[in-house]
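Letters A, B, C and D mark the chains in the order given here, with residues in each chain numbered from 1 onward.
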Amino acid sequence: MKALKFLTAAAVAVAGFAGAAQSETIKVGLILPMTGPFASTGRAVESAAKLYMQQHGNKVGGHTIELVVQDDTGAADTTRRIAQEMVVRGGVKVLGGFGLTPLAMAAAPVAEQAKVPMVVMAAATSVITTKSQYIARTSFTLPQAAVGIAEWAPKNGIKSVVTMVSDYAPGIDAEKSFTEVFTRNGGKVVEQLRVPLANPDFSPFMQRVKDSGAGALFIFVPSGVGSAVMKEFQNRGLAEAGMKLIGTGDVVDDDILNQMGPAALGTVTSHHYSAAHDSAENKTFVSGYKALTGNRPNFMAVGGYDGMRLIYAAIEKAGGKVDGDSLIAAMKGMSWTSPRGPVSIDPETRDIVQNIYIRRVEKQDGELHNVEFDVIKDVKDPGKAKK
Amino acid sequence: MTQPMVSPKPWWPMEVGFFLIPVAAFFLFPLHLPLITEMMILALFAVSLDLVLGYAGIVSLGHAAFFGLGAYAAGILAQQGWGEPLSGLVFAGAVAGVVGLLTGVLVLRGSDLTRLMVTLGIGMMLFEAANKMNWLTGGADGLQGVMVEPLLGAFQFDIFGHTAFWYAYAGLVVLFYVARRLVHSPFGLCLRGIKTNRLRMSALGSRVNLHLLAVYTVGAMMAGIAGGLLAQTTQFVSLDVLSFERSAEVLLVLVLGGPGRLYGGIIGAVAFTVMHEVLSGFTTHYWQFWLGLVLVLLVLFARGGLLGLVDALRKRAARGTASAAAPERAA
Amino acid sequence: MLTVLVDGVAYGMLLFILACGLSVTMGLMNFINLAHGAFAMVGGYVTVIMLNDMGVPFLACLPAAFVLAALAGVVLERTLYVRLYKASHLDQVMFTIGLVFIAMATADYFMGAQQKLIQLPEFLRGRVGIGDAQISYYRLFIVLLCGLLAVGLQFALTRTRFGAQLRAAVDDGRVARGLGIDVSRLFAVTFAVGSGLAGLGGALGVELLGLDPTFAVRFMIYFLIVVAVGGTDSIVGPFLASLLLGIGDVAGKYYVPGIGSFIIYAIMVGVLIVRPQGLFARR
Amino acid sequence: MTPILETRGLSKSFGGFFAAADVNLAIEPGIRQALIGPNGAGKTTLVNLLTGTLPASAGTVFLHGQDITRLPPQARVRLGLSRTFQINQLFPDLTPLQAVVLAINEREGRSHRFWRAVDAGREVVHEAMNRLHEFGLDTVARERTADLPYGRQRLLELVLALAARPRVLLLDEPAAGIPSGESGEILDAIGRLPRDVTILLIEHDMDLVFRFAERITVLVNGRVLVEGAPDAIARDPEVRAVYLGEEAHV
């Protein structure tokens, strides 16, 4: 109880101090899984957000930005509780983060009820932004990413595919949109496998894939699990059996790609970001991120980076008004050049519009990279475009 | 009227005082209401486990099964259009209770390890089932669109968590009162007997299994109501209400507070939540380290949880100079 | 078909090496050690550091993983565990969960939260074709190595003086003490070997199971299943249980991918209802 | 008079080994009967068969003419067959008063009541205190059982068995573990047991047996060797050979 009192006192003190400085302090609350199985996502987003603030200072439009990060351990009710507290405690004007779909979904009612903008920086299920008028997204949606490879594959000699996705909304999103586009372009999905989200061993599934005799395996698994898949793919000799590995970029996450070794070489994926993207913005981003964390940034990191950028830009554009309605209005239609390339926020769906790149894993400067060789420009989320 | 007394004299004033603390907290920490609400729900959950574990001696690593069932029952009911909260809670308790009754038969025999694993197995199966039954539970994305009507038709669940706070508080107080009566009743005494000496109990003619089944069902119902409270106050249910981590956490909370004394569950919930909150405030990334350290030290130097520590300190104070901890550590 | 079987056996064998130490701790010392997975994690990280950062050959990493995990085991056993042998199971649970938290946070602090990967040496990477089945060398290697270890353990347990003392202590600690057996030394050595084997299992498992700070808890459930189903009074029980679990899990996921993970829990609960002491227990 | 406890052809085999073979007992109501036999004679097995802890391989057990062979232990207790244990089976953390109240609640079928406090059962508490008083335990009624001296605990074991209001009471070595100098209290207690309770005494200690028993059954290798009045048993050459002789050597 004493500790809580202390926290309250501290919060009051901070608020008081900010008032004295005569310019408003705007608190941005990031809710992320910082421990537990999805900790790497949380860390990447947090580091990138901090990097953005480091590079651009904490002053925007006369206001001071203060970043608050809290760990929801990946449990949805905790996410919701933290969101509620951040808002109720008065300080937090913008919520951000959200590592997984259920976590974002749990917080959505809070954003709606409290009229607080909520910037989704990682979770990638299509429907999230429909859950509240106050949600904008700077990561990507799976249909967006999956459509790229579904267009590319049939044109490049891949006619039959087995899909293997993690059994939760993003996976099903990926499976659905890939299958739809791929079949429309004349491909055939031989079998659809769904693997449990928490799955210690891919070997039986991979064996099934092999026995199916399809031309390629389309894969979606959450960031971090990709390596196990990649190893199994190689161990089973699927490549030698003439099978190609394609997927969304999650499976060749830049975070761990380099450790995957030769197994990953030649994998073709479609995604919105590669650390190897050739642009000045990206070079600054990559070198800054490396200096801060020692690692290469991945697509989660770029979501966090752009998320902060969107928040900064919205505050600036909204001028003196930092209420939820003004901020979300400012976010709509916003466009900028991200490390990943040109992006904008769709004014209707508040979802991100971005280029989807087709990339192949190659060795560059002694490290494995996703090297972009084709691009589909300005892709809106196909998951919502249809509706 | 003091003689003859079977139970130790209840200390009503102190107990009433104890339950006034949350009321005080409401006014002292108005910004932390969601946290305190969550704490009270966790406390209720831990008390329900205490009935099963602390009083009947059934070690469970799958108690979240009932919490989760209650949460989904209440959540789905509200999602399907029946948003009245109190009847939703009753429904949550009933569903969890029925499943408790059915699965309770399976945990009546075996060693601690066997029970640990059977409860865990049942919990994991429910988790997998909820994951698979996408159409009903929303699967891994969680249950969307839980619309809870105003409490008693008058109090809307608000963003500040006022209604949620009083709702959870009332739930905790009422069910704690039930649990308290239960453990001080002949049935409660009988459970303590079964826990300490099952052989003797059956030699006294006791229907041991029937009693164990009964308390397991009651524990399941209470856990279900706690789950229902969580679903209604957060208006969201996700798979992790059924997860192994939640079972392990509630066990930890209870052992931390001190099992077999009802208040242990509450004290444990408060201590755990505050520790978690404060530690993760200091270090968002590595709070687990300090929490682990506290647990290890607590076991090394104070058996029987925090209430055990209090007892030991009281004894030591009573004895004056002699060290009370020494004989315990020798054991 | 054969591939599924070999995969299952390899997975099972790996589980056995990981879990057999736990079965001895639970059977012999009656100690619920939920931190067993942390020792496996030690072995895993030792391998990752030596192989990736120091360039030590894979095969040399394995004994190092064993030794360092065993060392960690014996130090903790002598300093901390030893104080809790007489404590209640609940205290033991809380204590070891505390250790797991510490281990996970420590691993996170030094090694980061992301998955760690290793590259196997060339000679373990290929596959061999038997009939129309393709079996990876690495899995054969695991089956062989773990098989040898299992035989060795069984031999050590049944044919050596140490094994005889250990069995005596499992049957009746008081009598064993009365016979002049130094039970506390026995405990320490056994605990060290058990932790070491877990470490070795962790090292072997990096390739198949992956490695990150949550490793310490992620597979704990599987270890517990092995022990509960196999019983704690021999190593044959856990061995057979591991194989059953490995094959059941792999085959389940292969043939009925929809309910794959459901199966092992169902098997376990079923077994424990029929045989509460474990499938292969003598009593 | 019909026997109150009777067995016919009662047998128990473990694998091929008969721990009890074709045991026929007929115990008269109100009698003090002793069951003796050397170590491994099957006394414990027989007790377990009578109380229902072990299922019988063959034969039947009658309690007051009712076949109870298939009944579980607790059902037999409720029909009036109670026992004490060779090794104390008490509730270390409860007080003697709580333990006896517990026993009475079980007998009266009150143990499922979960709403009213234990203390509200005034007549139960009253009876419990009386029972404790009878054996001189009322002074320690509110202490932790574990803190009582062993002799006192042994008495409590007896009080608990009696609280079930048995018609037949099996006493399994009631004086076991009590130093001979301090056994007076328990011996007195056994002597004062009400006559309407039939007593089957399983005992090693010959002094105790010959002090109380009115009839003795000798069990050897799972079989009844001989049954009779104490003086007849004492004179029986076969008994002397297999049992008393062996005892004399020890």
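In this text, a residue touches a chain if its C-beta (ideal position, glycine included) is under 8 Å from a C-beta of that chain, and two chains touch if they have at least 3 such contacts.
Quick caveat, the model's predicted, so the values are computed rather than measured.
Central chain by Cα centroid: B, whose mean Cα position is closest to the mean of all protein Cα atoms. Ranking every chain by how far its Cα centroid lies from the centroid of chain C, the top place goes to D. Work out the mean CA point of chain A and of chain D, and you get 73 Å between them. Rounded to a whole number, the gap between the C-alpha centres of chain B and chain D is 42 angstrom.
Centre to centre, using the average C-alpha position, chain C and chain D are separated by 48 Å. One simple way to say how far apart two chains are is to compare their mean CA positions; for chain B and chain C this gives 32 Å. Multi-chain contact residues, meaning those touching two or more other chains, occur in chain B at positions 128, 285, 287-288. Annotation for chain A: residues 35, 43, 196 touch two or more other chains. Within chain C, residues 104-105, 108, 258, 261 each touch two or more of the remaining chains.
Going by the touch rule set out above, the chain pairs that meet are A-B, A-C, B-C, B-D. For chain C in complex with chain A, the residues that touch the partner chain are 3-4, 7, 11, 52, 104-105, 108, 112-117, 119, 125, 127, 134, 136, 138, 207-210, 212-214, 218-219, 222, 249-254, 257-258, 260-261.
Listing the residues of chain B that touch chain C in their complex gives 53, 59, 106, 109-114, 116-118, 120-122, 124-125, 128-129, 132, 244, 248, 251-252, 255-256, 259, 285-289, 291-296, 298-300, 303, 329, 331. Per the touch definition, chain A reaches chain C in the complex via residues 35-37, 39-40, 42-43, 193-196, 198-201, 203-205, 207-208, 210, 224-225, 227-228, 231, 234-237, 255-256, 259-261, 295.
Chain B makes touch with chain A in their complex at residues 21, 25, 28-29, 31-35, 38, 128, 131, 139-142, 144, 159-161, 230, 234-236, 238-241, 245, 270, 274, 277-278, 280-281, 284-285, 287-288.
Taken together, the chain D residues at the contact with chain B in this complex read 51, 72-75, 77-78, 82-83, 85, 89-95, 97-99, 101-103, 105-107, 110-119, 121, 125-126, 128-129, 141-142, 160-161, 163-164.
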